[in-house]
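Chain lettering (A, B, C and D) follows the sequence in which the chains are written, and residue indices restart at 1 in each chain.
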Amino acid sequence: MLTVDRIGKSFGGVRALHEISFTVPEGSIFGIMGANGAGKTTLFATIAGNLAPSAGEVRLRDLRLTGLPPHRIAGAGVARTFQIVRPFRGLSVRENVATGLRFGARNRAGAAAMDAAGILGLTGLEPVADRPAGALTLAQQKRLEVARALATGPQLLLLDEVMAGLTPAEVKEMIAMVRSIRSDMGVTVMIIEHVMGALMALSDHVVVLDHGETIAAGPPADVADDPAVQTAYLGRRR
Amino acid sequence: MKKFVGALAASALAAAAWAAPVQAAEVRIGYSIAKTGLFAPAAPSQINAYNLWAEQVNARGGLDLGGKEKRKIELIQYDDQSNPGNAVKIYEKLITQDKVDLLLSPWGTPHHFAIASVLERHKFPMIGSTASSVQLRNMKPGNIWFTTAAVADKLATAMVGLLQSAGVKSVAILTNQLPFGQENKKFLMPALKAAGIEVLVDADYPPNIKDMTAILVKVKAAKPDGVIGLAYPGDSILYINKAREVGIAAKFQYLLVGPAIGFFRGMFKGAADGIVTLGHWSPHGDDARSKAFYAAYKKKFKQEPDYLDSVEAWVSVEILEQAVAKAGLDKDKLRQAISTGTFDTIIGKVRFDGVQNAVTPTGFLQIQKGELHVVWPKDRQTAPLAPKTGWK
Amino acid sequence: MEFLLSGQLLVAALIIGSIYGLVALGLNLIYGTMRLLNIAHGDLVMIGAYTGYWLFTLAAISPVLAMLAAGALAGLTGAALYFGLFRRQLAGSQPIERIEANSLLIFFGISIVIQNLTALAFTASPRTYQALDTLVRIGEVSIAQSRLVALAVCLGLSAAIVLFLRFSALGLSIRALIQHRTASRIVGIDVDRVQAFTFVLGFALAGLAGTLIGVTEQISPFMGFPFTIVAFVVIVLGGLGNLAGGIAAGMVLGLIETYGVALTSANLRSVLIYGVFILVLVLRPEGLLQKRRLT
Amino acid sequence: MRFATPRETVPLLLVAAIAAILPLLGSDYYLGVGFALFGWIALAQSWTIVSGLAGYISLGHVVFAGIGGYVLVLTWGAVPVWAGAVLGALAAGLFALLVGLPVLRVRGPYFVILTFGLAEFAKYVVINIENALGRFGRLILGGPPVETLYWAMAAAALAGTLAVIVTRRVRLGAGLAAVREDELAAETIGVPTVRFKLLAFALSAVLPGFVGALFVLRTGYFEPAQAFDPVISFTIVTMAIIGGSEDARGPVFGALFLVVLSELLWSNFPQVYMIILGALLIGFVLFAPNGVAGLLDRRRPSGGARAAA
């Protein structure tokens, strides 16, 4: 569904991404791994149009996303969350979601066309729906990121560390939520996660980045056994 | 919400009650002037003249109303924040709310123009003072008059006369971008050309100029006989400081507005000697009226009057006083009296033709030994023009 | 065109530039460390000018001494405002954008209050005085003593402050605060103390410069605002928060102004200054002379 | 369309009621006060569209009024008065569209001082044009009488109030609220931020252009330094802050409050008036950032546009 084709990005000589290529199959949960600074969030930003890549391009089916402004990419059905949460603090939770519903994707098909109540229910934010977003706990704000992104009616959802900083119980809930987003709503998910277990458990495919380059790709089990991954990523982490 | 609206209504009512006319024995005379904002620094010269006048009239027992009775003056002053739009509002308020008996003029040409339509609408005569522009001739006569003798086209003619009498063959012209300066230049340039006086430097500068060195270095290199600075007070000061520094040696140096203000001479002492400026009044002649005004002003305010603004304001109230003494407070009679009368003022006899002062000739002053003397026209001289000799 | 080579012109440009630099330095210090946009900065210049005027008129005290008193007075004003108003604002958990926007509005209110209190106290009449007005000749250049003093003081003070920031412990803390607010708190800098000091210093510099300006310019309650504007232009040119860049930008503006006017027309001065200002903001909001480590 | 909420009906009714009552008092003075009041309401409402809803605080809104006034005097005599005023409004809107693209890329305090600089720049350009044309203040004689101007300005105030109410309800308002809260997040969920900001900027310029033309008609005199006086920009911001800049009530409250206060004070105690004004501004920013409107409904959680609801 999504094709990333030799994407490169550098910031004033510093190479953040280099020749990244992969394809995300329709209906999959696609994991992105890598240490801090490996380029994961930069990758999301180039897909969502927040950053223009220095080289290569991204396509959603036949549509070239690269070069489009972010709102057009959202209109095409790609939504992302932010690792460092960016809720509309002054607006209530319900208004955050409503804003997503009002903008977002142009074609909302099937389960993607959920209403505010449905999204608030799914993300468990119903009880705090009328609180200002700025007053939520971190866990709630993370879920609001997901809720607002879902409200845009995406075909592809980019989740950037939505589980970081959550308790094990909350992580479990989040995993269940991501699964139901795929199964019940038919949304393809790309997910960046530091919580290794969660990522391995969720993903059908995993790409591992290191210093802006792909060092491994494939099913989670294969990737976990890859020696390059173990030295570059796991080895350094422990 | 209700409470808020209630409070607003209450305060509005309070405002209305407060503003309602009080039946008093005084003659109520209103005006607006810039107490704050851009023109605030210029206004005290005029306010002082008004206050001095009211005080003197009251000391004499009050304003003579058509020879029938005398009533004390009560001045009503509002701040227009240097905004002509506010002046319009205030004069409407003075006329319709405060129901004043007479009006005095605000400070500045734009304000005079702005309130003209109010005067016209309410048929309320007012004598203007500190306003000058060729455009004033477009005003409809009948409810506003201008005492000024310094309209730009007449000024240009007079200036050429003065330059020729001083033997000036070449000049540098420095012009402030503000309207009065520009208007003066517009008429001066062709007049100079016609008289065969060469313009060696022609430089405009903005009102907020901070340094004139660049212009003056050019002037110095051109060595003109005369420098004509179409300046305002702030840049007049700047000119003296910088011209002295750079060493401008022209024998004729003129600054449009500024040197006539009291503090100017006090500030520069000898350095300002020889500077020529706009004005047609000086207390140093033998006019008793002028000497009395000068002495009283100096005594009350511990400073000299502004030879331009204070004088214009004073002339306007002198005319008003004499017109009221003849016609009383009836607007139609008053209009008639002002339009047709001839008045004794510190600048001599004044009579109006349409909206303009038809008598007073355009004149120039020169600082000589710290005093301002009329040097032009010749028949009004209190001292002959002297060349500027260095900066002491 | 040989007048362009005149030493008189160059000295004039340097004097203007150094005054701009010093006035802007105070504004920049406060913005850099606290992200407060002091739109009342010019009013401190005005207070300094009045201090010089009154001390000279009433007690015949030379502006050279009066400027110290003016600096102290402006510094005290700064201390009052810091501890009375801004300390709490800065200590709160508000996002930096909010503090920036609020400070602009608060300082605007302060500016109105200061101007009108001064007008109430001293009337709006413009005042001037002549002190240090002996002409000094240096080669073909002749210059009033007061302006020579202004040049020396502005250059000396600007240099002293840059050195102070580079080499003293307190100066180091100030630079750390400019670079990274949150981090400096973590590494153990007494942020409150440094902020108070910078705030007072910024105000004092404006007051001091005000006395020097008041010797050569008309003094009135409303004289300050143009200096606020010029200071903003200067620090935008040099980069908000970039102190040395600001001083250099002051000089550049002095040169642009003097030579630009000499070459074209003084009419275009404001168009020129605001044109530069707009272009820099639109093209490079971080400033033309910005180099992160220049301070 | 949903039923109007009190926060929508209150400002509309208030403006309409004042407009209806003032002429009954039978004095030019009240018409003059009303003219000024409605002028400020129209300006502050316009300002609210870009600065209140989108959070781009403009400190140079006078530029639009100045342009409107200038176009009026330029077309004076060539076209009918009202056509001149409308042309002024259009010119102001066009100017906003032209400069908006680069200017609206600049954010936060930079945007604030940029708008200020832009207004001053425009002022000096106009001053230089006028000088080059040899015009030194233009006198306009025979403009419409104060009653006519009063009703025109009342209409402008109503139009401005309606504009804020409608904008908040439609998609544009929701998008602007998102921009104000977090521009990056807004564009990421599909808000066409560039287009919306530009639209808001242009919308917020049109009415001030018209108001500026009326100002010139009222004084009968145009002089660039006054038509582009930065104090006008400051006053707009102060009114919006005191009233609260989140919905259409704020500008009405703020303008009403300041105009009444100034009528009570400025004419006799001008400096005191200004000092109170400054103190009020400081006080509201520190203690009541949502203005009078915010104080009125304090039970609301925090600042937020309901446009999205």
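Simple rule for what comes next: a contact is a pair of C-beta atoms (placed from the backbone, for glycine too) under 8 Å apart; a residue touches a chain by one contact, two chains touch by 3 or more.
Every value quoted in this text rests on a predicted model; they were computed, and no experiment measured them.
The chains touching chain C as well as chain D are B. Ranked by how far their CA centres sit from the centre of chain D, the chains are topped by A. Measuring from the averaged C-alpha position of chain B to that of chain D gives a distance of 35 Å. The geometric centre of chain A is 48 Å away from that of chain C, both derived from CA atoms.
Chain A and chain B have CA centres that are 73 Å apart. Counting only residues that touch two or more partner chains, chain C has 116, 119, 267, 270. The residues of chain B that reach two or more other chains are 35-38, 177, 204, 206, listed in rising order. The multi-chain contact residues of chain A, meaning those touching 2 or more other chains, do not exist; every residue touches at most one other chain. Under the stated contact rule, the graph of chain-to-chain touches falls outside the line, ring, star and complete shapes. Of all possible chain pairs, those that touch are A-D, B-C, B-D, C-D.
Taken in their complex, chain B has these residues touching chain D: 1, 4-5, 8, 11-12, 14-15, 18, 32, 35-38, 78-79, 81, 83-85, 87-90, 92-93, 95-97, 109-110, 113-114, 116-118, 121-122, 133, 135, 138-140, 177-180, 182-183, 186, 204, 206-207. Chain contact summary for the complex, chain D toward chain A: residues 171, 174-175, 177-178, 180-182, 184-194, 301-306, 308-309.
Every residue of chain C that touches chain D in the complex is listed here, in rising order: 37, 85, 89, 97, 100-102, 104-106, 108-113, 115-117, 119-120, 229, 232-233, 236, 267-268, 270-271, 274-275, 277-278, 281-282, 285. Against chain C, in their complex, chain B makes its touches with residues 35-38, 40-41, 43-44, 177, 203-206, 208-215, 217-218, 221, 233-234, 237-238, 241, 244-247, 263, 267-269, 271.
Residues of chain A that touch chain D in their complex: 48-50, 69-71, 74-75, 79-80, 82, 86-92, 94-96, 98-100, 102-105, 130-132, 134-135, 148-149, 151-152.
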